[in-house]
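Here's the structure, in structure tokens; my notes come after.
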């Protein structure tokens, strides 16, 4: 294929690309106009469930409305959502071919500033995570925020090269990851067996059940975030197959 | 009353005999040749016995029906009436003979389990077509027949056989889908409707005739593929690549008869002959049938392959049935119905002979067959009888049906039909007689196989001869003893009368 | 008393957690069989409960509709759950062998992760069919997408990863567009429950915008014609049981949600033009998918393109149930036929497609590759698999003795009854093209083998799983009363009560 | 009125940032802009008085997604060496 | 980019001026309306980015921009329906769940993209030397 054909082909592909950009742009703009028009026609005034949620707050065992919605009114959603997190980790294990984290990429070289910073920040991060978890009962905070902050602490450990989750065995990792999902599962099964609707928390003990479930959820969210950062499939294996024939196989 | 209501269970039993044998044959070992042969023969015998019992019961006034409702708004209905008895008798009898023939013919070739399995499934389908009580059940077996015949057409497994199978499938499935649309459209208009002599549609709907004509046209297109009307007959010569017993039973009796039988059912039991005449749909169909008759015979003239010539002769002979059916009149309907039987018997004789010649002498071309009678006198005699039947010479059955169609069309004032009959008989003579002449009076040619097998008589294996002789005798007896009470002609007359009385 | 609705979701989730926590070889088989058995039992209990005492509804975590999430099971959802259960358990039986140590096709990592992923997918499929809350449906759709993509990547082959990536991006875009629709609906109705939104009649620009977004998102996830680019590579490059799960079950979930929105939330029938548009896209899918399938040289790609085509049939329900601008229903008398026809097509397609993919899996295992040309003489070597593929083909083509025929019959009756005869032409051409590629596949099986090549033995259970599915897809065409009565319990297609 | 002005400005910044994220030439630059977009979004949540979402967004948008994206971008540059920033996407 | 910003400014001030002189039912430019309009724009910018860019990392970022747009819309709706007990908690819960789901999906997409990159050496699905 002479150079001329190559440039011709590239010019044709670039022209094709330009057409695609213009079309996509026009489409996106049209959609934007439709959405803006729809937004302008939205009904005014309070419509949502603010009052109902506030009114029933007393029975949910939690004072903060959002936590009540998350862990009592719509706890089924949160359960599926923790399931999504668990699935993401399972998918990454599927990509890596196994849950063992031993052969995780070697940590980058340790530089003194980062190690000092981690030694300072890690305790603070865990403390804030705990506080956030506790805060969830009566102020904005809760499982996700605490979990993600702890996860950030895990990521920090990973970046600074200090060994953390990759030292724990395979079974321990699996338990830590699944504990959030299991918490909701046990709650659902228990409420079913106790004759209540699924995930219906008895008003009396709702508060502490929510706290317990929240803590387990925080643990599993933190571990998930840390594993997400740690177990990213890196460049362990050199590119085995050239890009072209992979796409060719994908297309035939 | 016997414990089980045998009038309910006998019909599914008839179907089951060949269905179960078919499925069972799949699971046999390839080596169990004689077990397979005996199993199929036994099944054929049992089926013949059952059909005789049903026939005897029918004539003594009992009615046999099996109905269970499918929630789609119609019932799955198997029912014996005079018309279905005709085709059932034909299929079962000829299946018995063809199984015998096939055992002899296929000895030694592979994939026999698959062959005999699908062979029995085909017969189940063709009997099912015969005893179907309404259009939807008819369609179910009609399509089942297509599926069961495909593996037989491609049995040899060569590229050519598979290519032939593909054309066969394209034609028959297109026909099937078009017929499906017709049936659904009729169902939408008239609701669930069973076959009743004298037609059902007339009373139900008279406010939109155009739709009815359209439905009739669509149905004729769908059925025309299997009944090999002119533009849609392309698959029949191509499917001749299948082994001889397949061509014999399927392409002379089962598959094509399903199409012709369907046309008769639609004209008489769905639309009713009188209503279709008023609708004016019959004349175009008659014209197409006439064209097919002439065209089929013309094409047959030019074929050097014996089986191809027989295929084109089937194309034209079948249209006799359609032609007879479209002419309103007692005689012509009887002629058309009785031709259903006669053509089956005669054509199967010719295919048996063609198969025998191919197996024993390895000859498939007409030009090679001069002086064959000296080597295979019995086969050639049967071939001659079959040929004369096709031409319509007096003592044979062919003459009877052509005579009835001719007289019927004269009574109905459509003389041009007689002209068509004459031309086609002449053409039949033109492409059959030269073969017969060269067989008997042609000088002996050095036969390729002679060196190895020595001079003198070299008849086919007796398992090929017996069915051939039986069918040849039948084609004569049906002609000579036409007036006998149990003859096919008499049965056809009874059916015709039932169709017209309730008009 | 046991509330089967909850257990239809709990049982697979319990199985999935156990399978994830105990990945050891010794535990795998008992957990898998136990989970499948428990789920089938709860599905059976749910069916009998709905059969005897009509549609059920349960408010989760004790809070009634506007605040809490409701689970509702009417005839249509139970029909889909039974479909998922039956097809899922038979695929599970195949997977029990495929992901066991007997087969050398899979590495230990795959075997450990298949069951957790598949059981969570199964649980969330049941969750979607039961959920009556549009945001909950979003989260469940997301779970399904992630689990499905993870299952595709299990095989680890390079082109499987590329196909999985394309599927993930498309599905992620679909979910976000669906979520934007949910947001718009919440902004106009202030509630998330299907029943509450359906009661509030409010048709304005926001509603139309919401439907446009949700319909596009769901159509993207169901791979309707213009947006089907991701399906063929994804469904053909995955392992056999995974492709069966994707084609037969996962694709139907987003279609089910679209149907729920069409009948319930958006009073779909009022949108005649939208119905016609969806119908035309469906017809284009039928023709284009079948045409593409005819050009394939590998069996799994052929079957994947056939999925694209068969999905087109499902979308014919929209024009048939739409109401003409003049107000009277297009197919006034034939709504039941249209709805039962399409649901029945979903069922028979699921059975037939799963049978074909499992059959293709057997061919892949025995012949080493699923190229059509080396299926030569297959009818002698693998008679049961050829028989299964043939019967599944018969059901796909809609030939009489099969479930596909009943579905085609109902859809054509509805189309002719509605006077929209052009759909009938599409079905006619689609049926013939389907026959084209089915016999394109079968012709290789009948061609006699030239050089007898050495093959790996195909043990019986996997062939029987494929055969069982194929036979079911035919037998389902015989006994129709009970499924039809089941389908209309709880009035899932609420056009009838319109004035 | 000033609050409204601040909202409009914030909204404008968000949109411009989003546009820049999507259309910058350099990959690393768009990653950094994406992290800025995350932080700005956190501010928007506080403006709409949703503090818990602000916290979550800051931790996830800037924190985790940022780490993942930067790590991947670093991986790309390590794989393609330093010759061209962002390696395989030199033009817009 | 400048074109876009002045376009955007004109939309906002157009609505504001309309609000000023408009009859009561046209929406006055309240803060939640600003954010709703921005949400729509973000959604469409993300969609545009996803369609026109082939690079996998860019696709993930565009999807997150789209997600951000949807969540902004949800929380703006919550603000609009705010009662005396503060904004409506249900959209907040939906947004939190949505953010976490978007995180999980994006992390998996990135992992998959890196695996594809390590196998095929390229971070895109279709050939495209420039930044298509």
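A few comments on the model shown:
The first chain written gets the first letter, and so on, giving A, B, C, D and E; residue counts start at 1 in each chain.
The rule we apply is simple: contacts are C-beta pairs under 8 Å (C-beta built on N, C-alpha and C of every residue); 3 or more make two chains touch, one makes a residue touch a chain.
Keep in mind it's a predicted model, so treat the numbers as computed, not measured.
Under the touch definition stated at the top, subunit B and subunit D share no contacting partner at all.
Think of the whole protein's Cα atoms as having one middle point; the chain whose own Cα middle lies nearest to it is C. Averaging C-alpha coordinates per chain and comparing to subunit B, the farthest chain turns out to be D.
Subunit A and subunit D have CA centres that are 18 Å apart. A separation of 70 Å divides the Cα centre of subunit A from that of subunit B.
Centroid to centroid, with C-alpha atoms defining each point, subunit C and subunit D lie 38 Å apart. Computed centre separation for the pair subunit D/subunit E is 12 angstrom, with centres defined by C-alpha atoms. Subunit B has no residue in contact with two or more other chains. The residues of subunit C that reach two or more other chains are 67, 135, 139, 142, 146, 149-150, 153, 158, 161-162, 180, 184, 186-187, 190, listed in rising order.
Multi-chain contact residues, meaning those touching two or more other chains, occur in subunit E at positions 37, 41, 43, 45-48, 69, 73, 77-78, 80-82, 86-87, 90-92, 94, 96-97, 99-101, 104-105, 107-108, 110, 112-115, 119-122, 125, 129-130. The list of touching chain pairs reads A-C, A-D, A-E, B-C, C-E, D-E.
Within the complex formed with subunit B, the residues of subunit C that make contact are 377, 379-380, 383, 387, 394, 397, 399-401, 405-406, 408-410, 412-413, 416-417, 424, 428, 431-432, 435-436, 439, 442-443, 446-448, 478, 480-481, 484.
Interface residues of subunit A facing subunit C in the complex, by the touch rule stated above, are 34-35, 37-39, 41-43, 47-49, 52-53, 56, 69, 72-77, 80-81, 83-84, 86-88, 90-91, 93-95, 97-99, 171, 174-175, 178, 181-182, 185, 188-189, 192, 196-201, 240-241, 246-247, 249-252. Subunit E meets subunit C in the complex at residues 43, 46-47, 50, 56, 59, 63, 66-67, 69-70, 73-74, 77, 80-81, 90-91, 94, 97-98, 101, 104-105, 108-109, 112-113, 115-116, 119-120, 125.
Remark: subunit E residues 1, 4-5, 8-9, 12, 29-32, 34-35, 37-38, 41-42, 45-46, 48-49, 53, 55, 57-58, 60-62, 64-65, 68-69, 71-72, 75-76, 78-79, 82, 86-87, 92, 95-96, 99-100, 103, 106-107, 110, 113-114, 117, 121-124, 129-131 touch subunit D in the complex.
On the subunit A side of its complex with subunit E, the touching residues are 10, 13-14, 17, 20-21, 24-25, 27-29, 31-32, 35-36, 39-40, 42, 44-51, 53-54, 65-66, 68-70, 73-74, 77-78, 81, 84-85, 87-88, 91-92, 95, 144, 221, 224, 228, 231-244, 246-247.
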